[in-house]
Structure formats: structure tokens, C-alpha cells
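Please go over the structures that come below.
Shared between the two complexes below is chain A, which pairs with chain B and chain C, respectively.
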Partner chain A sequence: MRHGKYPFIIGFLVVPVALYCTFVVAAYLQAFQLSFTGWSGFGRITYIGFENFHKLWNDDLFWQSLRHNLFLLILLPVVTVAVALVIAFLLNVGGSSRGGQTRGVRGSKAYRIIFFFPQLLALAIVAVIFQRVFGPDKSGMLNGLFPASWNPWLFLADERWAMTCILIVLIWQAVGFYVVLFSAGMGSIPAEIYEAAALDGASRITLFFRVTIPLLWGTIQVAWVYLGIAAFDAFAVVNIMSVDRGGPNGATSVLSLMIWRNTFEFSQVGYASAIGVVLFFLTLTFAALTLRVTRRESLEA
Partner chain B sequence: MTNLTSVPGADVVPTPAAKSAGRKPAVKREVNALTGMAHIGLILWAIATAGPLIWVVLASFKSNTEIFLGKPFALPEHWSFKTYADAWTEAHVGRYFVNSVIVVILSTAGTMVLGSMAAYVLARYRFWGNRFIYYLFVSGLAFPTFMALGPLFYILKGMGLLGTYTGLILVYIAYSLPFTVFFLAAFFKTLPYEIEEAATVDGASHTRKFFQIMMPMARSGLVSITIFNIVGQWNQYLLPLAIITGPGTDNKLLLTQGIAKISVSAGYHAEWSTLFAALTLSILPMIIVYAIFQRQIQAGLTAGAVK
Partner chain C sequence: MVATTAAAPAARPRRRVDDGVMTVGRSRAGTIAANTIGVIFSLFMLFPVYWVLNTAFKPPTEVLALTPTFVPTHPTFDNFLSAFKAQYFLQDMLNGLVVTLMAVAGALVVGFLAALAIARFKFFGRKGIILVILAVQLVPFIALLIPLFLMLQRVSLTDSLIGVSITYLVLILPYTVWTLRGFISGIPRELDEAALIDGCTRGQVFWRIILPLTGPGLVATSVYGFIQAWNEFIIINTLNSPAKQNLMAWLLQNQTTRGTAWGPLMAGAIITSIPVVVFFLIIQRNIATGLTAGAVKG
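What follows is the complex of A and B.
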């Protein structure tokens, strides 16, 4: 029976592991290595110690980009989770009650289908659509909807609001996914719990805060981490939608865009790698912090 | 609206709720008000979701002049299909679409074959280095792809794979492996051992057991993760943008890159109608696929988060 076990194991593992090591492991290791060099992408690699990180510390654009990432990091999860939770609750428990049993509103299936669809569109295509939705003249959807007497709103071309527009697009695309995720979670909460609470005279609002949220806490945590990671990316939306890519005047620059431009446009691969290393530690810190801060006694039904 | 949803049955059906009959009217009024508000909220979000998409489709039939008139949701005065001809022939949406389909089919197939092989061995065989390889794969989940961008570009350049689908597909597979292995390994672990042992007694080889016994048993997990990978790879923008570049790649762009490129060139002339036609052409197939497989797609995409 032992016969042929090791040839089989090696045969099954050799290709995936080789591919993974060549394109993923090697690339990540080199990113750490290159962050200590001044490599331009061509020629010799010279080590310069922590100079890249020192330069980063004094780079105003870096701090500006980091602020924008933090803006997304705070608001994207808060708004998306809140909206998705309310919608999922309405879909599942918002309807009338029959015999003390709470149920979803009419047409909840149809709603769920519509809400989820943006998830299937590539963020790049969503960005192209919303660049036009936010168009700064009458050809833009929103400006077209405003009364003719209004001056056109600038949206993305307005330094004060550009980042908010980016945030709105990310929320628009994400909500549907979390509605479905939370709905699945709510579906697994036993109906008896709602019934019992309803018998005790609990209103829907009490049900939402006292029953639904505590029982979904694990799923909410996962959602929070996912959305936080998305907030550290946002490349497609910023690269496609924003004026002057990251503008106007740096108003929408984010770390991922800085990495891209330093790698492919400014020939500063070493510097870009240093930003990448910072991004890695930021993501890791965020995930660890979220899981730690939001830890609760698990409430198993 | 509220009348439709208030169910009179509550008074007739004998239920435990009968106990609270005293407060019934108040509770019911609260529920009706809430149901009404729920519908308003849900309809608003449905409009916010579908509105921009409907607007894109409507605008794709309008002339450029009409688009600039405002009134975004007015029906087009003359339904023009010329924009679609332009999008197809001049802007090459069709070609970008086919490119994306080819790449995603090959890369998802590769991801599933290699991912399930690795996951199976790691989940069900004990050997030296098993845990190390498993954690090597799973640790890939913690790194942002952005970090690897520069080095990845030069690795591909060194291998002469820049601007080729071979390079892009290999990279897609490699970057999809961490999650695929993580998910499938957990799945293979839950499958029963008895059937496998019976097959071993009957003299089935390891390879045969994998293909004829384990793969069919793992079908539901495989379907979920296949959908997850198809959608994820179809929506990729960053990797093709970095890899499909250089001279002679104009015909090789994927849909996401292609649409972004059409958008930029439309912006130079403020000539939006072709862009809207191109967008419609790229959204429409997704709507059709979604209409057919929406249950499986929702389940597949959320499977990863629920574990």
C-alpha cells in the first residue's frame, strides 16, 4: 500500500509549488530586498540601506496618500457594513409577521439579485461608468439630473470632493456582496430566537441590535477585514476615474498608485518596493488590530 | 404598498403568538410602518444600483449631441445602432472580450487542476515538509499584490514572457493558488476516509483515487471555488495592465484594459457614445450569465468568506 506514495506526492506538488515560488514567493522576497536598493529597473543594483524609508518619511505625497488610504480605511467598512446590515435585515426580517414568525419583505429575492450584480462587474469597468456618472458637465448623469439652472458640479475635478466620489464608487460596488453574505448569516440564525424575542415584545429595532448583530459578529469581523484590505488597494478606481491620475493636485493619490507610478513611470523600483513594504506592514497591522479589538465572547446559538 | 404585505393570517392561525394578543394592534402598526419604510429604503438602493447601468444602456443609443443635452433618463430620440458598429469595429470591444474569455478559461482551468492537486496531497497525505508547503501557500494571502508588482515585471521580462498570454496565465494561476489551496485543503479534509480505504483495498492507485473518487466527492467545493476564480480573474485589471504591455500588444489587451483605453481616447474628443456602446457590450454578457447562474454565483463568491 505504501508503494508509490512519494512519487505520487512529488508528482502532484512539483508544478504548483514551482509556479508559486517563481512568480509569488520570489517576487515578494525581491520586494523586501529591493526596498534597500536604489534600483531604477536597469543596470546594477546598489544597496543604500534605509535611505528609501528615510526619503519616504519626508515625502509629502506619501503622507497625503496615506491619509487618503486611512480615509477609505475608516469610512469604507463603516458605511458598507452599516448599509449592508440594514438592507440584509430588511430583506430577511423586515416583512410582516405571520403567527409570530418574522419574515422578509416581499420581493426580497428580486432585490437581492439586483443588489448583488455590481459584484460581477470589474472594478475597472465600474470606474469607467462612474467617471461618466460624475461627469463635470451636462453629459454626466448626475449633472444631467440636476435642474438646468444649477452650475455643473465638478465632482472629481473638485479637490474637496474627489476623494468622496472615489469612496462612493467603492461602496456602491461592495454593498451587494455583503448583503448576500450577511443574509446567508442571518438565514442560519434559528427562527426560534426571533420568535422568542418577539414574544417578549421586542421591536424590530431591538431585534436588530440585540439579536442580529451579536449573532453575526464573526461575519461582520470578516467583512471588516476584507473591506479594509480593499481600502488599501483602490488602484483601479483611482487610476481610471481620478483627474490626472491621483489629482487634482494629489487630492486622490493613494499608496497603490504611488507604487505603480514609481515602478513603471519614474523608474524608481527601489523606492516603489519600499512603499510596498510599508503597505504590507500597514495591512498586517490593520488585520491584526481589527481581529483583536473586535474580539468578543462568541455567542453560539 | 403596506396593504400588500400585512398578512391577516396571524389572527386565525393558532400559534404561540396568541399569548401576546393583547399588544397585537400596536405591534402590527409598528410592523406595517416598518415594512413601508423598508420598501422605500430598498427601492432607493435598487435605483441607486440599477440607475447608472440603465443610464449607460440608454446613452449607448443616443447621439453624442443628445448626450450633452442632459435629461439622462429620457429615451433616445432616434435609436442609433451606429455606436455599436463603431464600438465593435473601431474600438475592438469584441476582440478584447474574446481575449478575456480565452485567458480566463485557460487560467481558471489551470488554477483548478494545479490547486486541487496540491490541496489534495497537502490535506490527506502525511509527509515531511507538508506543513511547511501548506503555510507557504497560505502565507501568500497576507501579502498585497502591489508589493510584488515591480519584481514580478522583471521576473517575466527575464523569462521573455512579458506581453504574452502564457506569462499572464501563469501569473494568474500562481496568484490564485493561495486561496484555492487554502479553501480546497479544508474541504478535502472533511471528506470521509472510509471510501478511500475501500478503494485502496481494491487496489486503486493514488492517482486513480484522486480523479475517480475524491474529485467527484468534492464537487460542491470545486464548483464554488471555480466560480470564485472565474469572477476574480475576469475582473483583474492590475496584472494585465502590468504584463500585457510593450510593442505589438494593442490587439492583446483584455476587456478591463480595453475599456479603460477606450475611455481615455473617448475623453480626448468628448465623444462618449461609442464608450457607452462598448460598456453596454461588456456588461450585457455578464447580465446574461448572472441571470442563468445567479444562485451558484452568489454561493460561490460568498463561500470564501463564510469558510
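What follows is the complex of A and C.
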């Protein structure tokens, strides 16, 4: 039977491989190439060597944006994973126990649907909604909920808090997906393990840290990588929500937004491509590092 | 009270068995706390969505009222009507559907075949292909906008629904291949072999055995692909002119040009979300299966 193998393999894989070679590999090579040019998006392409990268090194906005990406990179996975784990644990193990069986809280199915709901809304729509939530006058949702005597909070218009508002939106959008993902993982942990631990006198908190987390480690690792990548992107939310695209005063600028603005607003395609190259290496480094570092930890545990 | 005293004697013999668990701290207070957290978190998740609905049914004067009301005092459909009547709305809705369906259908065909190859054959470069599939999901797509534009321009596929469809296909393909591969790996090889012995050709095995058994996986991946493609707006906005956008891009266009017309904007957001919500409600029972199939059966 073996001789008939390769025609199938080649036939099945030729289209996807061709698509990736053109749309991803070739496109990235071109982005690398453009990063060494001073191209404006129109007219002639001139090569300028490493000048874009040199300019980037001295660009304050670049460092500011990078700091914001790192802010998201640290807080988005930490908060989202923590909240999602706790909620998923409550849904699966937090309920009353009858006959020694651990169960989820009542209505856990309904909760699962509710939590997943934001995942259905496009990031664009989420951003539009939260613009309204964070409205800086009394007609905004949160300011409307606050006592009438308070001065309206500025939220996104406040340099100190704008980035936190962005973070909250990203968490709100992402957390439901990870609740469902972790719930599915917890569902596949055999109930006997919980029962045995419970009989040995483990409290719910011990169960969480000693049983659930170690057994879910693989899933948590994947979640971490995905959330990290979302933190490196964050373009849609920042672009739509932030005051003055990345403002006020650059307080919400991120690398992806810089790429966009340099390409379409400032006609500096070469410079934008250089930022893209930096972002490419940052993302891949992050993914490789996360997988490497967390793998070692899981072996020690 | 009567009921509890009546039940008590019957429950007593079991009490000893339960003792170990009763000390777990699975107290009534703990359960109440768990439920409370659940409810509060639900409010946190639902309130903004509720606020959208609330705003969409309010006339403009109420939307910007300084003391917002929790229910529209004069509910109106005007916002929805004005969204439907707005320029390009219906056109962009149709564009979005066409682009999304083409991308999903294409990704299913291409993805199913690729998943078959990866799940059922051992060959040189298989590991490399798996690695590439995973890595593609990591790279920031935004840096590719310009090269993508230049490439499609060369073959006159900018400002075209086909160009966008192909790009979306590429976007949703990694997830499709990865998930379907999980489903196909779950089908016992013995079935293939039995069919081969009974005289099926390889092609027939794929067509008659594996394809029908992958059904749930095809549904899960197509729904996910639909959501991804329907919700995308950056690529289509870059590649196409205003007449060839999708609803998401339309929405954002209107957000910038109309400024603070929140009512119609929220109404538009609701209309735009309907297809995805409907799809989700259809498959919500299987959502966890769809999400984890690729990962669990690796």
C-alpha cells in the first residue's frame, strides 16, 4: 500500500504550502526588505541600510510604546489567567458536595455561556462599546453609575489611567474564552483525584493549588503564549478607543499602532516595516522563551 | 422545617461516609461565596452588553442625557432604521457574507486535506509543517499589510472580494488544520484498514470514512472561521475601497465620520453581531469540544 503515499501527501499539501509561501513567508521577506529602505509608499524605493533602525533606537515614542506593550505583556496574561482559573474552578469544583462528589456551582452552564459571550463580539465592537463605558462625561456608563456629586472621571483621556483602561478591556474580552478552555481542561481531570485529595483533608484552596494547577499546566502554558501575543498586538482596541490614536500625549501608543500610523498617516513605509521587523522578533522570542521557561518549571513541579 | 427533621434520621447513617468531605471546608458559606463571585462576575461581563442594547433603543436626546436611565423612557427603532438606510450598509453586509463564506469554505477544503496528510501519513518534513502551522499564528499580521497590498496589487486583486477572501482563508487556515488534525487523529486507524481490506481505495477511505466522521470537527472549525473572518476589519479596510468593505469596517468608518451618534452606532454593532451570536447559540453545547479537540488529542 505504501507506494501510493506520496501522490496523496503532495496533492493534499501543495495548496496550503503555496499559500503560506506567498502570503506569509514572501510577505515577511518583503517587509524585511522594506525595512532597509526609505520608501514612503509611493514612487522610487531607495535603500538606506540600517538608518531606520538607528532612528528607531533614538525615537522616544518607540520606547514609550514598547513599555506599554511590556505593561500589557506582564499584566494581561497574569490577570486573565488568574481570573479565568478561579472562575473555572468555581464552576467545576466550587459547588456544594453531595455524597462526597465535587461539583460546580449551580447554573454553571449558564455562567459558561455568559462568560463566553464577549468572545463573540468583534474587538472592534468591544472597543466601541467600551468607549461608551468609559465616556468621560456624565453620559458615559461608569460616570453615570457613580454618585452624582462626583466629578466625572476622564478614564481614557487621563494620561495616568488610559493604559489601564485598555488593559481592562483586553481582559474583559479575553477572559471568557479562557474560562471555557480551563473548564474543559478541568472537566477532563478525573473526579477520583479530587475525591482522594478531599478525603485526605485538602481544603478547596489546597485542591486548587495542588491538584488543578499542576494538572492544567499545559493548557495554562498555551493560554500564556496566546495572551502574550494579544498583548503584542492590541492594535484594534488602542486604535479605536484611545483618545487621538495612541494619546493623550502618547500615553496609549503601542508598537502595532506605530506601524499603522507610520504606514498610513505619515507615509513612512520603510520606518513602519522596521518596527514590524522588531515586533516580529519580539513576538517569536517571547513565545520561545515562555515555552522554554515554563517547561522547566513544570518538570520541577 | 418539618421536611428537614423528617429527612435527618435517614441521612444520619450516611453522615459518617461524608465526614471526610464535610471537613473539606465545603461549607454552606463557601458555596454562597462561590455563587456570589459567579453572579458579580456575570454582571461585570454582561453589563456593557446590556448598555449597548439600552443605548441602541434610546432616542438621541436620551443617549446623551446627563442622568442616564437604565431603560429607555421612549424606546425607538429609529437607530436600527437609520443604520439600514445608511450608505453602503446593506452592500457591506452582503460583501461581508460573501467574503466570509468563501474563506470558510476554502479553508475547510484545503484544511481538511492538509489535516489528512498530517494525521494519516508519516513523511519527511511533517514536523516542520506542524511547526510552521503553529508559528504562523504567532507572527504579528499588521506588519504584513503593506507587502500583502503590493502582492495583491501585482495580480490586480486589491479592491476585490476575492483578494480579501484568499487573505482570510490564509488567516483561518492554521486553526482549521490544527483542529481537524485533532479530530482525524481521534478516528481509529483500524477503520481505514478494514475499509482497505474490503476493497476501498485510499481516496474512498478518505471520502467515505474519515470525512463523515470528522463532521463535528468541520462544524466547529467553520464556526470559528466564520467568527474570525466576519469580525476582521483591518485587512479589508486596507485592501478595499468603501464600496467593498464588510460591516465591521463600515461600523468603524461611521464611528469616525459621525462622531458621537452613539444610538445608530450601537444599533449597527448589534446588527453586525447577530450572525455570530446565532451561530454560537447553535453550537454552544459543543463549544468546549471544538476549542480543545486540537490540543487534547495532539
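Keep in mind that, in the parts below, the second predicted complex is superposed on the first by the 271 of 301 C-alpha atoms of A that agree within 3 Å, B and C clash if a C-alpha of one lies under 4 Å from a C-alpha of the other, contacts with A are read in each partner's own complex, and residues count from 1 in each chain.
As a convention for this text, a contact is a pair of C-beta atoms (placed from the backbone, for glycine too) under 8 Å apart; a residue touches a chain by one contact, two chains touch by 3 or more.
If you're wondering where the values come from, they're calculated on a predicted model, not measured in any experiment.
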{"item": "When chain B and chain C are modelled together on chain A, clash or fit", "value": "clash"}
{"item": "First (chain B), second (chain C), both or neither touched by A:Ala174", "value": "neither"}
{"item": "Contacts of A:Leu215 with chain B and chain C, given as first, second, both or neither", "value": "neither"}
{"item": "Touched partner set for A:Gly201, first chain B, second chain C, both or neither", "value": "both"}
{"item": "Touched partner set for A:Gly187, first chain B, second chain C, both or neither", "value": "second"}
{"item": "Chain B versus chain C as contact partner of A:Ile259, first or second or both or neither", "value": "both"}
{"item": "First, second, both or neither for A:Ala223, with chain B first and chain C second", "value": "first"}
{"item": "Chain B versus chain C as contact partner of A:Lys138, first or second or both or neither", "value": "both"}
{"item": "Residues of chain A that lie at the interface with chain B and also at the interface with chain C", "value": "1, 4-6, 8-9, 12-13, 15-17, 19-20, 22-24, 26-28, 30-31, 34, 41, 86-87, 90-91, 94-97, 99-100, 105-106, 111, 113-118, 120-125, 128-130, 132-133, 137-139, 141, 144, 148, 172, 175-177, 180-181, 184-185, 195, 198-199, 201, 203-204, 219, 222, 229, 232-233, 235-236, 240, 256, 259-260, 263-264, 269, 272-273, 276-277, 279-280, 283-284, 287"}
{"item": "Chain C-touching residues of chain A, taken from the complex the two chains share", "value": "1, 4-6, 8-9, 11-13, 15-17, 19-20, 22-24, 26-28, 30-31, 34, 41, 86-87, 90-91, 94-97, 99-100, 102, 105-108, 111, 113-118, 120-125, 128-130, 132-133, 137-139, 141, 144, 148, 172, 175-177, 180-181, 183-185, 187-188, 195, 198-199, 201-205, 218-219, 222, 225, 229, 232-233, 235-236, 240, 256, 259-260, 263-264, 269, 272-273, 275-277, 279-280, 283-284, 287"}
{"item": "Residue ranges of chain B in contact with chain A within the complex", "value": "4-7, 9-10, 13, 15-17, 19-20, 23, 27, 30-32, 34-35, 38-39, 41-42, 45-46, 48-53, 55-56, 67-73, 114-115, 117-118, 120-122, 125, 127, 133, 136-137, 140, 142-144, 146-155, 170-171, 173-175, 177-178, 181, 200, 205-207, 210, 231, 234-238, 242, 255-257, 259-260, 263, 270, 272, 275-276, 279, 282-283, 286-287, 289-290, 294, 297-298, 301-302, 305-306"}
{"item": "Contact footprint of chain A on chain C as seen in their complex", "value": "14, 17-18, 20-21, 23-26, 28, 30-31, 34-35, 37-38, 41-42, 44-49, 51-52, 55, 63-68, 110-111, 113-114, 116-117, 121, 123, 129, 132, 135-140, 142-148, 150-151, 166-167, 169-170, 173, 177, 196, 202, 227, 230-234, 238, 248, 251-252, 255, 262, 265-266, 269, 272-273, 276-277, 280, 284, 287-289, 291-292, 295-296"}
{"item": "Touch list for chain A against partner chain B, complex", "value": "1, 4-6, 8-9, 12-13, 15-17, 19-20, 22-28, 30-31, 34, 41, 83, 86-87, 90-91, 94-101, 105-106, 111-125, 127-133, 137-139, 141, 143-145, 148, 172, 175-177, 180-181, 184-185, 195, 198-199, 201, 203-204, 219, 222-223, 226, 229, 232-233, 235-236, 240, 255-256, 259-260, 263-264, 269, 272-273, 276-277, 279-280, 283-284, 287"}
